[in-house]
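Naming follows writing order (A, B, C, D, E and F), and every chain is counted from residue 1.
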Amino acid sequence: MEKDNQVGIGKFALQLVLDFSDETDAANKNHSNSNYDFCIGKTGAMDLKKVVSAIETASKRNQIIKEDLYRETHALYHAILEAIQGVTRGQSQLGEIMRTVGLRFAVVRGKPYKNKAEGEWLAVALYGTIGAPIKGLEHETVGLGINHI
Amino acid sequence: MEKDNQVGIGKFALQLVLDFSDETDAANKNHSNSNYDFCIGKTGAMDLKKVVSAIETASKRNQIIKEDLYRETHALYHAILEAIQGVTRGQSQLGEIMRTVGLRFAVVRGKPYKNKAEGEWLAVALYGTIGAPIKGLEHETVGLGINHI
Amino acid sequence: MEKDNQVGIGKFALQLVLDFSDETDAANKNHSNSNYDFCIGKTGAMDLKKVVSAIETASKRNQIIKEDLYRETHALYHAILEAIQGVTRGQSQLGEIMRTVGLRFAVVRGKPYKNKAEGEWLAVALYGTIGAPIKGLEHETVGLGINHI
Amino acid sequence: MEKDNQVGIGKFALQLVLDFSDETDAANKNHSNSNYDFCIGKTGAMDLKKVVSAIETASKRNQIIKEDLYRETHALYHAILEAIQGVTRGQSQLGEIMRTVGLRFAVVRGKPYKNKAEGEWLAVALYGTIGAPIKGLEHETVGLGINHI
Amino acid sequence: MEKDNQVGIGKFALQLVLDFSDETDAANKNHSNSNYDFCIGKTGAMDLKKVVSAIETASKRNQIIKEDLYRETHALYHAILEAIQGVTRGQSQLGEIMRTVGLRFAVVRGKPYKNKAEGEWLAVALYGTIGAPIKGLEHETVGLGINHI
Amino acid sequence: MEKDNQVGIGKFALQLVLDFSDETDAANKNHSNSNYDFCIGKTGAMDLKKVVSAIETASKRNQIIKEDLYRETHALYHAILEAIQGVTRGQSQLGEIMRTVGLRFAVVRGKPYKNKAEGEWLAVALYGTIGAPIKGLEHETVGLGINHI
């Protein structure tokens, strides 16, 4: 029998990164009996392309998306860019304007709508810190991107 | 004796809006023994200025910020704009591009850094839905803005 | 027997709006033996939401997308916004910054990739004029948005 | 005998709005023996289109640009938009995000380059306040746009 | 006797890049009896500055603009940036956000308005693909920038 | 006896960079009897992070902000980014889109409001040239950022 997805795919992704930031195993334990597929990971960079790349690689390696289908890469890519907008708040730049991020990410795939014709969707959640490239000169940041797949 | 703020001010604000979206009372119960001051509320609009206004009004009414001090209004305003960037992902517009939001917000004020000289900071968290002005044609969205005060 | 789509979906959409701007019937004649589904139309406004709305309405009325499926509305909406970026070049605003557009639009749906697993995609092409709200004080503008559906 | 323009057209425009903000007549006295043509004015609004419109109207009335030539309107319009970017710092919006401006503007036309083949250029300078729509809750803001004409 | 420019300068530039993408010679044949001056070329990069540079170099080498006049470089530069907005749709970035382009460009110069006092204008059209730096993971993209010169 | 700050902190910062651009010593002489603390400097780059870094370093070395307090670095950083918006007018990029700047900067700290509870504020003013990386192919540019501290 299929379980119902009682929690939105975005909220589920956010809770994953918030739990994950405390303790990695907890994330896997608490959330593994969901109907959603997901993967979690970490990335730190002064370089947005490393953030994009880390999330894409993890998503393909964990088979959240099919590596050889452009439509799935396209869906994931735009969800990542939207999540980055939340993290960078206005300018999708890091090192170019002297800032760096340390992020946890979650990529979630599943059917969040009751109407099954709505099909599968992707959520990318990011949570961590952003700031000067000096330890401690930073504050928290979050982002969420959602796309149909 | 002062309790320690074990949770970051941004994460605390995010958890408030995520809990709040399930059940309002829960938010108040679970989080009221924190060292942070906070208020929570709802706003729905095709109009960003209503979102800004709802958050500012709630923050002043709940004495999270001092109404007559421009520096506090200025700090809150920029935190709100940053949170809106996450919600709108690229264009801080709603009705102008035919979309609407239904949001819960949390405004949190406190001292998130161990070094007390860092003083007070503000976090504004937003969580809800964004989409076409037709019920159901929408997905989740989130935003977080943080500023010194 | 299925014909091959020899022309990219974006180029096909652009040719539709460029032909259309000369003579409406020509557009239908020259392009109707394609494998793509499409609709064409006109919109003029100082208001982006009227542009979005005109394209969405035409796409639903001509059954390019299914009205009651959010995933299809979502795909079209983001393709429209991307096309608008080309038209407005930097700020997705019209009347707010004292300018107006007169546009022809084409919405095209089909399978542009040889690998059939790539499925269906949407292209939105816009071509027309942008300028001051005074006849003649305007120049041409174009935009193209593409999304998987 | 033609005087040399010893001061850049942008600096000249900025000095006009900075002087003007102290005392209007001073602006005219101190700067009237320059080789540049200019006009100065005031505008206050929650609406960018009123700012654009006030500057365009003053420029045409004072014959800084020719009303019926699109190329001159086009040059001025883009210089105004660039100056507005400085004033609004990231989002060319006022009332939409609950803020208002009170601005002095200067529009300057002339030949700022020694090589006469460089021809005429336009500078638009803005200086004033931006903030909440409540007196006193505001700070200073400036913008400068420059374009060939 | 001077031929009339029956086609807008933007449409002419777009048709050049669309034809060019099929067969280079065709572009030169079909369009060479126009009143517009133009050049066409190709550029592929993960780097916007290579795109800007390729178009500027081709325009100077083909004497579409005068190399030593800043006003002409300035006009071309802003037309290129506007065309890039259409290609990148929201963020003028390529490699920084892990994407690459393969583009054909056309730069057209001439008098598109009946009123000869409107003088010369420039159009920059771009057409090609944008996507992941992996062959096939890409879709079409277009951009058009127009400026007075 | 405390002197009154008759001039706004933003105007004061602008006058510093405008005077400075003529003659460095003049800047120090004319402005040193103000109630504001300030530092001035120069920076030239195709790289925004060098601009950010030059201003931060000068501000810390001249004790305009406290190096080890994140809240002061945070306030300065956002004021710098706002000033850069004015300089770059729409895209906070330099070398990425083939342009370079030569800038004078002023960082001013003080109490610009009569109500002493408004406390200290920071202004960052930038003035100089922006253009192609070729001498002479450039025009003036300005930016101003203001933040509470």
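Basically, a contact is a pair of C-beta atoms (placed from the backbone, for glycine too) under 8 Å apart; a residue touches a chain by one contact, two chains touch by 3 or more.
For each chain, UniProt lists the protein as follows: A, B, C, D, E, F = Hut operon positive regulatory protein.
What you see is a predicted model; the values in this text were computed from it and never measured.
Shared contact partners of chain A and chain D, listed by label: B, C, E, F. Within the contact network of the assembly, the step distance from chain B to chain D comes to 1.
Residues touching across the chain A-chain F interface largely differ between the two copies, under half of the numbers being common to both.
More C-beta pairs in contact connect the chains of A-E than those of the other pair, out of A-E and D-E.
On a Cα centroid basis, the chain most remote from chain A in this structure is D.
With centres defined as mean CA coordinates, chain C is found 37 Å away from chain B. Between the CA-based centres of chain D and chain F the separation comes to 21 Å, rounded to the whole angstrom. Shared interface positions of chain B, defined as residues touching 2 or more other chains, are 70, 74, 90-91, 93, 96, 121, 139.
Every residue of chain C that touches chain D in the complex is listed here, in rising order: 91, 93, 95-99, 131-132, 136-139.
If you check the complex, the residues on chain D that touch chain E are 69-71, 74-75, 78, 113, 115, 117-119, 121, 147-149.
Interface residues of chain D facing chain F in the complex, by the touch rule stated above, are 8-11, 14-15, 18, 21, 82, 85-87, 89-90, 112, 121, 123, 125, 127, 139-146. Contacts from chain B toward chain D in the complex involve residues 47-49, 52-53, 56, 70, 73-74, 77, 81, 84, 92-93, 96.
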